[in-house]
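After this come two complexes, each holding subunit A, first together with subunit B and then together with subunit C.
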Partner chain A sequence: MRWNGKTLLWALALVGFILLPQLITVKYYLHLSILALCWVIAAQGQNLIQGYTGYVSIVQAGFMGIGAYSTALMGLHYDLPVWLTILLAPCVTAVFAVLTGYPSLRVKGHYFAVVTLAFNLVIFIVLMNWHDLTQGEAGITGIPKPGGKDSWLNWRDRGTYYYFVLSIAILMTGLAALIVRSRIGQTLIAIRQNEDLVGAIGIAAWKYKLFAFVTSAMYAGLAGAIYAHYQSFINPEIFGVAQSLDAILAVIIGGSGTIAGPVIGAFFVVFLPEYLRFADSFRLILYGLVLVLATIFMPRGIVGVAGDLWAKVKGKPS
Partner chain B sequence: MIEILQQIINGMAIGGVYVLIALGLTTVFGILGIAHFAHGSVSMFGGYLTFFLVVMWGLPLALAILIALVVGFLLGVLIELLAYRPVRNANHINAFIVALGLTMMVEGLNLEFFGHEQVVIPTDFSRVFNIGGVTIPELRLYVILAAALLIAAMTIFVEKTKTGQAIRAVAENRDAAILMGVNVNTIPLVVFSISTALGVCAGVMVGALFAIAPGIGEGLVVKGFAVLILGGLGSIPGAVVGGLVLGITEALAAGFISSAYKDVIAFVAMILVLLVRPQGLMGKA
Partner chain C sequence: MTTAILQVEKLCKSFGGVHAVRDLTFHVAPGEILGLIGPNGSGKSTTVNALAGVFPPTSGEILLAGGHIQTLPEYERVAMGLSRTFQTASIFPEFTVREQLRLGCNVTLKSHPLSSVFGIGRHPGEDEAVESRINDILELTGLAEVAEDKVGTITAAQQRFLMIATTLASEPKIVLLDEPAAGLVSHERKTLSNLIRAIRDTGVSVLVIEHHMALIMEVCDRIVVLNFGSKIAEGTPEEIRNDKAVIDAYLGEAV
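Coming up: the complex of A and B.
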């Protein structure tokens, strides 16, 4: 690995993230940071399908829901250890992703987005109405923390959970980087740029698209599972279409098709509403406006703008 | 048997609404290549506005619908000029994300202007017809007739008029249309005004038949796209067949299986069609 400016920035960011709980004095911000790290994982997944493969999927929050409910239900009904259910949750999500991805990836572009959105609606309706399983709108309470009773770590402490989520977020970000650099990742980028050409040179594009979709779903499932064990409580509310739009927003604002983008974007979508304490309707208008303006004026997101500035400072034409 | 017929009649009313939404979506998609996702929310805006004019200002229903059509038309033109035109030449994913952003904005505007309350547009059509045991509420009958009339008008417009011809030409081959002297800057505005007008009509129908509430618009636009997926892209007969199939499936599901899961069943039907016929029921392979 070359020790250039980029690696230096990553190292600085890593140190920043590790020191963060020591720097934060208000507990509430630590809580938000943990949520943001969950969103980093979900957004990295969203970026794989949206940013790299070029297919907008509007079901990321729905898949988070599947992950969250499956880890909670497996833990409560079968008495499985928490680490196991957290690992199983993405696998359950993957099964659903294959079942929906296979038919929906047969349609191109926008229709894929609409089918995924329909699927998010289906997930939401089922979570709301299947009372016997999900307890409907009231939600599931008493989801255990990891580690059990005799753990040497105090999992009820937010700081502990922060480092737990942080290490998973780092792991998943690294995995995303590896995927993108691999031959598979390069094929995904090729699909985004020219899917017909990919088909023409004899690559079965649908396999790669399905891979990207299922992987992104597994990221979401994992994020949902971690979220469930952090909050100890889940209900369908936060797994709706609006939250899937947040995942899209995170990728666009941060910088789609970059590894750093979802990290920045996730913190953006978690912290921005906290600073803009408007009524719900204003928040929607403002969010929509940000999304529209960002897409028109900075389609490559914060990372893209920062990259351009950096290039200007160094005097290189971008 | 009568029960089945009854549900089919019910399904035709809601199916007619879906067809109107789908026609608005498919014309925009054909011309601009944009999945106009805000269409449902704009339609709901039209419905809300009609309700507001009728209940708050005491205007007659027909006048209120007319005003809602004009305002909705202006909103559609604004959306085209300010939001979609700048991304016309960017890649499609950007246009789609702009559409999502617009949806949030219009939903927010609806909340801001009309509140969270669920509203029903009051009408005088309360008679109920009974034909051989099948009951048809007057309102439902008018909705079906109005939808059929609008679909016929739309078909004649697109197939027979000069402007309709220009619209089809741009959808078919944009560059050739420019060479033939079609003004490709005004065509999108025409398309948006027609599409929004159809949408507002659909919004009023939903408001009178069922109710308008936050979030209904999103559900409606998804149904509209589902109709296009079912019927096949870019064909008016496809949209009609798709809309009726979706509406009737939903009504039968609600009547015989479960009304909470009717949307789930409708979407599953859509996914099954995709598996067997990716090009849609009426689409060409």
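Coming up: the complex of A and C.
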């Protein structure tokens, strides 16, 4: 790896994330940071299909829901250890992603977005109404923390959980970077640019699209599982279409098709609504306005703007 | 007779009520440059798309080196040695010329795509072989100077040559070129006809669609003429030039 400006920034960010719990004085912000790190994982997945492959999926929160309920229900009914159900949750999510992705990705275009949106609605309705399984709107409580009773780590401590989620977010961001730099990643970027040509040079585009979509779903499933064990409580409310739009926005605002983008974007969509609390009932309108303006004036996201500024500082045309 | 590289038998393709290609039969011999000409809308691009597998033919058979391919998907036909260019510019604008060619080489690789994620399980020497083939193609197509430039920033003419270069990356037996001279000026057309011959000299057969008659007449061994989706003539450039039906339908008196 070359030791250039980019690596330095990543190293600084890493140090920042490690020191964050020490720097934060308000406990609530530590809570938000943990949620944001869950969203980093989900957004990295969303970026693979939306940012790199160019297919907008509108079901990321739904997949988080599948992951969250999978880990909770498997733990509850089969008495499996938490680490195992967290690992199984993305696999369950993957099955659903194959079932939705296979028919909708064989064809090009907007069909995929519509199918994923519909699927998120179905997930939400099932979670709400299949009482015997999900307990409906009331949700599932008492989801255990990882580590069990005799763990040497105090998992009830938010600091502990923060570092747990941070490690996984770093791992999954690293994995995303590896995928993107690989032949597979190059093919995804090629599909985004010109899918017809990808077919003409002998690549089965649909297989790569399906790979990107299933991987993105597994990211969401993992994020949802980690979220469930952190909150100890889940209900359908945060796994709806509105939250899937948040995942889309995290990618756009942070910087679509970049590795840093989803990291920045995830913190943005978690913290921004909190900072807009002063506006009270206008909060959501203001939130929407900020997002619309950001999308119009920074189509390449925060990472894009930062890159342009950096190029200006260095006196090179971007 | 040696087996044709490409054999097309009674190919038909209709879109709704439009019979774009009707009962088309022809072949391309090994090492041959075959021209496919005809008026606008006569079914030339439709033929290429059907041969390449963009859509299934309505009926008819397509054989590549003796094997039926008409039911295979597009990407498998490329792997078997048939690759094509598009009539309109079709490129990866964000890639460099070298990156686009590297992607074009993917179909020839033996190592699994996943091996490139973690850098394990790769076939030794494969990457080096790919880079050296890319360099050969860059040299052949005259794109060596722009190898590291973004495809979106090179000239339109260079993009047309890159489209041909990309078809060569998959180590084809035959390339189908759909109007490669579109937008090229006269000295670039000269370079193009040299390139088409050079490609043939490497052992690759060529099917070329063109409206530039000088180029077609100069470079082709044989020519097939379409009109309203049907073959109206087939023969050497000399025979086509003097064919009454072709002159009436397409060439006019001028040629």
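We take it that the second predicted complex is superposed on the first by the 306 of 318 C-alpha atoms of A that agree within 3 Å, B and C clash if a C-alpha of one lies under 4 Å from a C-alpha of the other, contacts with A are read in each partner's own complex, and residues count from 1 in each chain.
Note that a residue touches a chain if its C-beta (ideal position, glycine included) is under 8 Å from a C-beta of that chain, and two chains touch if they have at least 3 such contacts.
None of the values given here were measured: they were computed from a predicted structure.
Once the two complexes are laid over each other on the shared chain, residue contacts for A:Ser167 go to neither subunit B nor subunit C. Once chain A of one complex is fitted onto chain A of the other, the partner contacts of A:Phe119 are limited to subunit B, with no touch recorded for subunit C. Residue contacts after overlaying the shared chain place A:Ile296 against subunit B, while subunit C stays out of touching range. In the superposed pair of complexes, A:Ile203 makes contact with subunit C only, with no contact to subunit B.
Of the two partner chains, subunit B is the only one touched by A:Arg106; subunit C is not. Once the two structures are overlaid, the count of subunit A residues touched is higher for B than for its counterpart among subunit B and subunit C. Touch criterion met: A:Asn194 reaches subunit C, while subunit B stays clear of it. In the superposition on chain A, A:Arg183 makes contact with subunit C only, while subunit B stays out of contact range. No residue of subunit A is contacted both by subunit B in one complex and by subunit C in the other. Within the complex formed with subunit C, the residues of subunit A that make contact are 178-179, 182-184, 186-187, 189-190, 193-194, 196-204.
Those residues of subunit C that touch subunit A in the complex are listed here as 52, 54, 73-75, 77-79, 83-86, 90-95, 99, 102-104, 106-107, 109, 113-114, 116-118, 166, 169-170.
Subunit A contributes residues 50, 54, 56, 58, 100, 102-104, 106-107, 109-111, 113-115, 117-119, 121-122, 125-126, 129, 241, 245, 248, 252, 280-292, 295-296, 299 to its touches with subunit B in the complex. Interface of subunit B with subunit A (complex): residues 29, 35, 83, 86-87, 90-94, 96-98, 100-109, 111-112, 218-219, 222, 225-226, 228-229, 260-261, 263-264, 267-268, 270-271, 274-275, 278.
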